[in-house]
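Single-structure report; data block below.
When the chains are written out, they are named A, B, C and D in that same order, and each has its own residue count from 1.
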Amino acid sequence: MDASKPVIRLEREMRPDFLEEIFEIPGGEHIKACIQCGTCSGSCPASPQMEYTPRQIIAMIRAGMRDDVLSSNTIWMCASCYLCQERCPAQIKITDVMYALKRLSVKEGKAPPKAALMAELFVDNINTYGRNSEGLLIMKYYLGKSWGKALSNAGLGMALWKAGRLSAGEVFSPHRIKGIDQLRKIIAKVVEEGVV
Amino acid sequence: MNTYTYYPGCSMSATGKAYAESLETVAKVLDIRLAELDDWNCCGATAYFSVRETLSHAISARNLALAEAQGPGRDVVAACSACYLGLNKTNKYLKEFPELRKRVDSALDAGGLKYDGSLEVRHILEVVVKDVGLEKVAALTTRKLEGLKVASYAGCQMVRPYGFDDSECPVLLDNLVRAVGATPVPFAMAARCCGGSQMMTNEDAALRMTKNILLCAQDAGADVIITTCPLCQMNLDAFQAKVNHAFGTSFNIPILFFTQLLGLAFQVKPLGIERGVAKPGPALARFIS
Amino acid sequence: MKNPVIGVYVCHCGSNIGSVVNVPEVVEFAKGLPNVAVAREHKYMCSDPGQDVIKKDIKELGLNRVVVASCSPLMHEHTFRKACESAGLNPYYFQMANIREQVSWVTTDKVRATEKAKVVLVGAVNRVVEHDPLFVKSVPVTPATLVIGGGVAGIEAALQVAASHTQVHLVEKEPSLGGHMARFDKTFPTLDCAACILTPKMVQANTNPFIKVHAYSEVIEVSGYVGNFTVKIRHKASYVNNDKCTGCGVCITKCPERGIPAEFESGLGNRPVYVAPDAPQHGKKPKDTFGKRPAIYTPFAQAVPNKPVIDRDNCRYYTTGKCRVCEKMCEPGAIDFDQKDWIEEIQVGNIIVATGMKTFDPTPMKNLGYGRIPDVYTGLEFERICHSSGPTEGQILTWKKESPKAIAIVHCVGSRDDKHHRHCSRVCCMYSLKYAHLIKEKLHNCEVYEFYIDMRCFGKGYEEFYSRLLQEDVRFVRGRVAEVSDWGIYPEEKGRLVVRVEDTLAAQVRRIPVDMVILSTALEPAENADHLKHTLHMSCSSDLFYLERHPKLAPVSTATDGIYIAGACQGPKDIPDSVAQAGAAAAQAIGMIKRGVVEIEPTTAHIEESMCTGCQICIPLCPYTAIRRNEEKRIAYIEGALCKGCGTCVGACPSGAAQQWGFDDRQIYREIEGVLAAK
Amino acid sequence: MEPFEPRVVAFLCNWCSYTGADLAGTSRKKYPTNLLPIRVMCSGRVDPEFILKAFREGADGVIILGCHPGDCHYINGNHKTLGRFPILKKLVQQFGIHPDRLRLEWVSASEGDRYAVVVAEMTEQVRKLGPLRWNTRIKETVAASAAGGE
């Protein structure tokens, strides 16, 4: 234990602007209305695996625990099932908030490597081809992660392969859309304007 | 004949190939024309939205802009729930958030495109149930799937947050099952999450979710689970063996796309049923010939 | 007209105005306005010293006009008018400028606020110059009171007014008095038996010589004004001659039509009956009477008045043309199939509205399973299950007639929820606790879980009740229930209900198997609240309950003089509060009757004979048909007592002949000029 | 030059809108100071002449606020306002005033929030149209108004 670091949370560590930051994103506008009822967490199929439940995340945003939130596994556990959001009595778009947190977390390098890798590969895939080749994505992902995992899923891959659901063509020469230049221009414009 | 601008999405050419095949087959019988959107790009799905917000809307908007030019006034129809949600969300957010709209408009402009916001985004299930109608489906049924017990799995993103069916207890698939003479079983997990894209990054959690869905269907005595989304199908089907391995269960429940079920009732082919990893049991096999 | 000598008084309202509006600057500015003889500021104008300043100036400086710039006229116009009057000035030589509610409280920009205060003040100073002396008219009050709604609040109000020995008409739409309370077994927090408290009151109301109970009746039209309302009551045909009926109840026991879901059983009668899978299939199914009533019925055994009514929609005679068993059985010959609805007109001076509430239907909240899963009940249904004269005779049984081993009580269903009602329903925390206690009392080994967001126990003895329950081993889980499922994953859950919830204090998601779920549903405005609102020209607050004139200053008054509200029609409330409000409303009514006269605002309309062209545009516009035509002079005139002073005719008269005292064209023109004079 | 701050004369019916405006105050809603409220008992009292008078005296806009249809304290005074309103719009247009400078809104006694929103909207609407200065006889041409602009 680091004796110099108090366990109690000090206000000076908090980032009160964090709440405003989330409030500003499209979909974040109700966040201040949370009554901490826990309906979101109770609904969430992933909450058992989460370090903090969705409700706690909202409380922590309110308290300004920016780092704790952005480096927690919770935001990466969200499967975007929208059940929490559907039931929230304060109409908080929790799923959108989770997305916003993922983006901030990646931006600030706090995301767990596998989640960040997956998302970045996906983006990369689309920016290159305009479409997502599932096979390529899966391959790159497992190669980037671990050979062990890649092998453990090989059986599954084989099954899909046999069923014609993963083709070699797809992995090695994915389809590229005709308007890829147009798409890239669109992407470049967004990047240029700053708010990605 | 109704014509729709069809947005297939990435999975339809790979893991969801059977969905694409059966949809094409069945659409002919149902007399709906799905004009594929030329040169569409990926909808962005869940993963893209996670990391790039404006961008995900911008690339979705490219599809909408193309669709508006290609088939003015035609509904855009997606078969994948994630694509349906992604396109729909962009379509709605562009109306709801003017700031976002401005940014997206200027990005589209850079690509020489323009989107007026005139289109509706719909899921193919809605088109079948509402535009074609259950009566017609029943009338086109040449072999009633009598005695087949079906668990209708709607999943998440088709019914939430913009669903056209009840977000807690969806009924449309069940109605369709009845229309083709099969028996829907009570299915408490009909609109619960299969793990979605978590299967890649967070397999333990996703397998548990999938397990609960399979268990619920088994408890209800289902011979087959039907889905409306390639990702759901993939998780429930291809990962069944892994679930069995992880939880010591012995599920063998075939997972069909609802279009495959319709195809069986209409007795048309191809339906791609052989592409399923979990193989049909006797109750279902009776109807596959 | 004498030269106007105006006094201007600008209020700080402590810091409410003074911290935003630069009051001294406004005062200096006022001093420079035409006709202003004096301008002063004061910390609290409405206080006695504040008022004394005005009175002193009127006397010493000979003021003949007064302007106070302070709060809303709806707040203190009356106060200052009285002050002027007591100093010998006609109260209508007064004008108020609202610089609090519509200036200092709605902006933080001090410069712009001060500007706006000045502008509003100029309008008032300009206008007051044109004011005329007006005289309040007094009209006699009809010494009778109408009470609408016969729940505990209405009954209490009726009894209190009747105690002053003046006439009360108590109108109840159902066949019996009693309202919601009549359905309860016990009441929180004292757990007294509801019937023991309520039944005597119902009987007293029915036998009191000053109270006329109009049961099974509705108010359909109200006209007139404070002190003098004319009310039309529709008596619904009950097909029973109440003068002949002895209340023996024979007809009720003999009626062959017995399967109608009883309103009084709060929907329990709508549930399908459970048939055990191993029940013998042969023979006739036993008659399903769970929560049902016959076609001729009284809502409950102790009904007051104890006269049955025939439910025409379900009576076999009316649906098939055959039966009339009740008629044959009735010895006194009270059944009268020819009865028709009839309308009675009464005169009253006051109206007390006590129409209560209804409870939220949780069917749309599909995640909670109501209507889909049989053992999910609403609180009101559970009241009946607990009640010794309810369909289970007070035994707490599941749908399958088994004794539950665990029960979940779910708080805030439909309350505190943006999608349904934003308000807190105030009574459900307490009645949930009541249920926990009743269950523990009846089923010692049954686990009871309370799922709450916040425990709201604000009343006298309420927190004590909560702490008692904590010690009775009720399991409190702080968390709003996410879902109730009838599919279990784990062996102990099979065949039972599962509550999924985050225990927010432990920050753990829990699955809790139970056998019965009680939903503590929100209180919402009564079924026909909106309709009655229009009949009486009342307003509603954003939660759609009736709006009081002021939550603190006039909690039982409405915007319409002579109409009062009491009980749960004004907002969710428990019995003690409902009864207290009923008393307050009764006191208002009695006060007016005791005075014998009411003062009518003199701001009515009149027509200047010489200017009227006889165009008749105004006549059809008047909502109160107060305008008549003088055929001889070929002009219009206004029947003074009927005019309520809306000014519609005035706004429409093309020749300016119609004018409204206190709001005439000159006055408003001058106000317009005033507010636009600056710059 | 100082930025243009529009002046909008508002006629508020006593029972709903004035009470609603008070509620906005009691609930401390913040809104622009550009509305100049004048209380009348009913929106039906608003004489067409009041509107012209206000424009003549230098108002840049006029708004009439009453109870929601069906909620009128005087049964149906607001219906009459509603019926009269299209004619009023035409009337001001004939005088060369952009019809958007005149507005009719329903605000109930419980809609403090809404009142604040309406004030903000109206202020912005008029701000966009710019100063009217009808009083100084810089008349906006009839032709322009017929074309929908000013």
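Going forward, a residue touches a chain if its C-beta (ideal position, glycine included) is under 8 Å from a C-beta of that chain, and two chains touch if they have at least 3 such contacts.
None of the values given here were measured: they were computed from a predicted structure.
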{"item": "Innermost chain by mean C-alpha position", "value": "C"}
{"item": "Euclidean distance of C-alpha centroids - chain C vs chain D, Å", "value": "32"}
{"item": "Chain centre separation (chain B, chain C; CA means) in Å", "value": "49"}
{"item": "Residue numbers of chain D (touch at least two other chains)", "value": "none"}
{"item": "Multi-partner residues of chain C (at least 2 other chains)", "value": "367, 483"}
{"item": "For chain A, residues contacting two or more additional chains", "value": "48"}
{"item": "Chain-chain contacts as defined at top", "value": "A-B, A-C, B-C, C-D"}
{"item": "Residue ranges of chain B in contact with chain A within the complex", "value": "10-11, 13-18, 39-42, 44-55, 58-59, 62, 93, 96-97, 99-100, 103-104, 106-113, 156-157, 160-161, 167-168, 192-193, 195-198, 200-202, 204-206, 208-209, 238-239, 241-242, 274-277"}
{"item": "Contact set on chain C toward chain B in their complex", "value": "366-367, 372, 483, 485-487, 489"}
{"item": "Residues of chain B that touch chain C when the two form their complex", "value": "166-169, 188-189, 212, 215-216, 219"}
{"item": "Chain B partner contacts - residues on chain A that touch it in the complex", "value": "25-27, 45-46, 48-49, 76-77, 79-83, 85-86, 93, 95, 99-100, 102-103, 106, 114-115, 118-120, 122-123, 125-126, 130-135, 138, 141, 155-156, 159-160, 163-167, 170, 175, 177-179, 182-183, 185-191, 193, 195-196"}
{"item": "Residues of chain D that touch chain C when the two form their complex", "value": "7, 9, 14-16, 18-19, 21-22, 24-26, 28-33, 36-42, 44-47, 49-50, 53-54, 57-59, 70-77, 80, 84, 108-111, 116"}
